[in-house]
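Take a look at the structures below.
You will see chain A twice below: alongside chain B first, and alongside chain C after that.
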Partner chain A sequence: MTGARTRARSGWVALVVCVLLALVLTAVTPDPATNVRRDWVDGRVGQSVVEPDLTTTVQQVRLARSASRSYGDPFVSRQRLVLVRLAVDVRHRQRLFSRVTLLTTTGLSYEPRDEFVSQGLSTTQAGFTRTATMVFEVPPEHVPGSRLVIDADGGAFDFYTRATRVDLGLTAATAIDPGAVRVPDSTVRVTG
Partner chain B sequence: MTGRATGGSANRSVAAALRGPTGRAALVAAAVVIVLGLVAAFGGFRTAPPVGAARWAPGATVELARWQVVVDRVELSDTDAYGSPGPTTLRLHLRLTWTGDRSTYGPTTGLVTLLVPGGPAPDPQPTTVPTAGYQGGFDPDVPRPLVLDYAWPAPTARGGKSVQPPAPRVPAVVQVVLRDEYSRPTYLDDDNWSLTGPVGHVSAPVRDVRR
Partner chain C sequence: MSTRPGPGRAPRFAAVAGAIALLVALATGAHAYLALEPLGPDATAGPGRTVTVAGVDYRLDRFAVGTRFAPDEAGDDPVRAPAGTEIVFVTFTRTVHDRRSPLDEQFCDVSLRAGDDVWQTDDTVTYRIARPRRLTCSATDDAPLAYDQPARIGVAFLVPAGKADRAVLRIEVDGGDHGVELHR
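And then the complex of A and B:
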């Protein structure tokens, strides 16, 4: 009887300790809603950034006030257009590229402009390389230090995973293209 | 002769009764009932649509929780964005700046609504008119125009089809009503926002640009 009572008491003590531990961890650890659920793979312009399912190479970054497509009028901005030309090798499973953003040092997150959807990253099957240009519209004061973020495709639940982050090398002194920059349509080929 | 004499006598007694204090009171009461009935019939007792306490002038910047809104102008139009004939619409020209920290598709439905004082209501669901080359969403701290077309009067269903009644006289002004948003985090979404009631409105003159 005494042994059973002791075991029961030990069980309750263990339960209370676990609950207290959970409360303390909840209080002292960072909010999981912020960017702690990513294993960032960082890189620079011209460098191949390798994840298990994806290799990203940012080939060129340009600033402009105007950009044109193969159709329609040029898209003219009073801000800065950040044009990021990149190639992505997709492996193992298809990628939707539904969460590609430009992240500023001021904590703002910009999605690629929908006006350039045919030129940007889109669904790519495994075994293929897509070459694309992402166009972001960003106020000039937020441009320096910006990074391109290629996050895991969104789903019903978010979970810990790898994601690519590329420093675009932009500074306050980065030159702006004087005219309308022609943005080519994205292309896809078998990864060589 | 007897009947005519009887009728005349009755008329005289009614007239006499109406001349008395009770008769006058009955007349006044009847007049009040008629006036109130007319007011009610024309909608005078309906609750006025709420437009909010604050008033802003066209061109003024309105600071909301996540948006800066400028009401530029309102036009009465009968063409679409490409100049082709279209339904009669009240075309609302806005300038919006999104002050959130990540790009968004656009303002929450109901943030901006349109009222026509004394007139038929516009269609509550506006269509977006492509403007200044923009087709997509809003980026943080990037001011940009937004043009919304509200069919006016609102189309009605007739014989299984949507039919727009003819436009009455051009309204002198319309009221652009603004609501604000407040944060309501939930267990599933820590960035959940809800609309407040109307916080104010802009009385904007209407320019008739119909062909």
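And then the complex of A and C:
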């Protein structure tokens, strides 16, 4: 009888220990929805940021109030336009570039302006380099410290995936282009 | 007679339980991983040879690599590959025999592969090049499918020059569960 009670008590103790262990692990391990989803590859303007299937080089970053394409009226904003000129070398399989955003220091995420879709990143096949300009409209107070994020295209198994983050080097003192900045169409060529 | 593990057998019991849990986790992970990238095709075929997969015949008709192809519209300029690239143009014939395979559910994912590199079809080139009317495995209003009736399909890819030498066409069906590779 005493043996049975001892076994029952041991069982309860083991159960409580397991529950406590699970609680501690849940509290101390990163949130899989955010931290574990991506293996970030960080870089700066002018630096080649290399993932296994993609190399990204941000060539130039400009701030403006107005930007124009080869057609139509210039796009004018009361906020800031962040123009990111970059080249991407795609390897092994096509990239859709469907999740390219500008991430602020406060965690806000901005998508590129639709008006500049022909100038921005789009589907690129393996072995080709696309040169493009992404245009983001951001409130002035959120511009300093913002980063360009080129996230994975996603898929059925979207965890532990590599993704690129580039510090755009923007500060409160970054100069604003006085006129409308001309944004060229994106181009694609064989990776040299 | 107790069926519970005694104090001496508890570590062994825990080890066996842990091993079973690991095996289940391994099988679950392997299944998810293999679903991402199937190990290989069910069948391969060269020009003119027919293979049958999941009740459907596949025959490679033409596997052409070049920089200049005839246009689909008479009078248009020839279709030329941009500098440093080549066009890969493939036509194949697909015939559905299995009556259990609905004709309105004939989907396939076509890609060109060379080693670790994978290309999807280039829509611009595919539409401009002289080709069969059908561009996909699916039935369309102007190109319906019928059992035992061959359906010719044409697809084009734009790849960096020199990459097409050892390229194969991969046709995946049933969400990637089955596949065929057609070689030059």
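One rule holds for everything that comes next: the second predicted complex is superposed on the first by the 164 of 192 C-alpha atoms of A that agree within 3 Å, B and C clash if a C-alpha of one lies under 4 Å from a C-alpha of the other, contacts with A are read in each partner's own complex, and residues count from 1 in each chain.
Heads up, the rule we're going with is that a contact is a pair of C-beta atoms (placed from the backbone, for glycine too) under 8 Å apart; a residue touches a chain by one contact, two chains touch by 3 or more.
Computed from a predicted structure; not experimentally measured.
Participant: Does the chain A-based superposition show chain B and chain C clashing or fitting?
Facilitator: After superposition on chain A, chain B vs chain C: fit, no clash.
Participant: Of chain B and chain C, which one touches more of chain A's residues?
Facilitator: On the superposition, B touches more of the residues of chain A.
Participant: For A:76 in the superposed arrangement: first (chain B), second (chain C), both or neither?
Facilitator: In the superposition, A:76 touches chain B alone.
Participant: Tell me the contact category for A:108 with respect to chain B and chain C: first, second, both or neither.
Facilitator: So A:108 only meets chain B here.
Participant: So, A:93: does it touch chain B (first), chain C (second), both, or neither?
Facilitator: second
Participant: In the overlaid three-chain picture, which partner chain does A:127 touch, first (chain B) or second (chain C), both, or neither?
Facilitator: Touch partner of A:127: chain C, not chain B.
Participant: Is A:137 touching the first partner chain B, the second partner chain C, both, or neither of them?
Facilitator: After superposition on chain A, A:137 lies in contact with chain B alone.
Participant: Enter the shortest inter-chain Cα distance between chain B and chain C once the structures share a common frame, rounded to whole Å.
Facilitator: After superposing on chain A, chain B and chain C come no closer than 18 Å at C-alpha.
Participant: Which residues of chain A are in contact with chain B in one complex and with chain C in the other?
Facilitator: none
Participant: So in the complex, which bits of chain C are touching chain A?
Facilitator: Residue positions touching the partner: 4, 32-33, 35-36, 82-85, 116-120, 122, 158-161, 163.
Participant: Show me the residue ranges of chain A that touch chain B in the complex, using the header's touch definition.
Facilitator: 33, 72-76, 78-79, 101, 107-111, 113-115, 136-139, 142
Participant: Within their complex, state which residues of chain A touch chain C.
Facilitator: So the residues of chain A in touch with chain C come to 7, 91-94, 125-128, 155-157, 189-191.
Participant: Flag every residue of chain B that touches chain A in the complex, lowest number first.
Facilitator: For chain B paired with chain A, touching residues are 101-103, 132-137, 139-143, 190.
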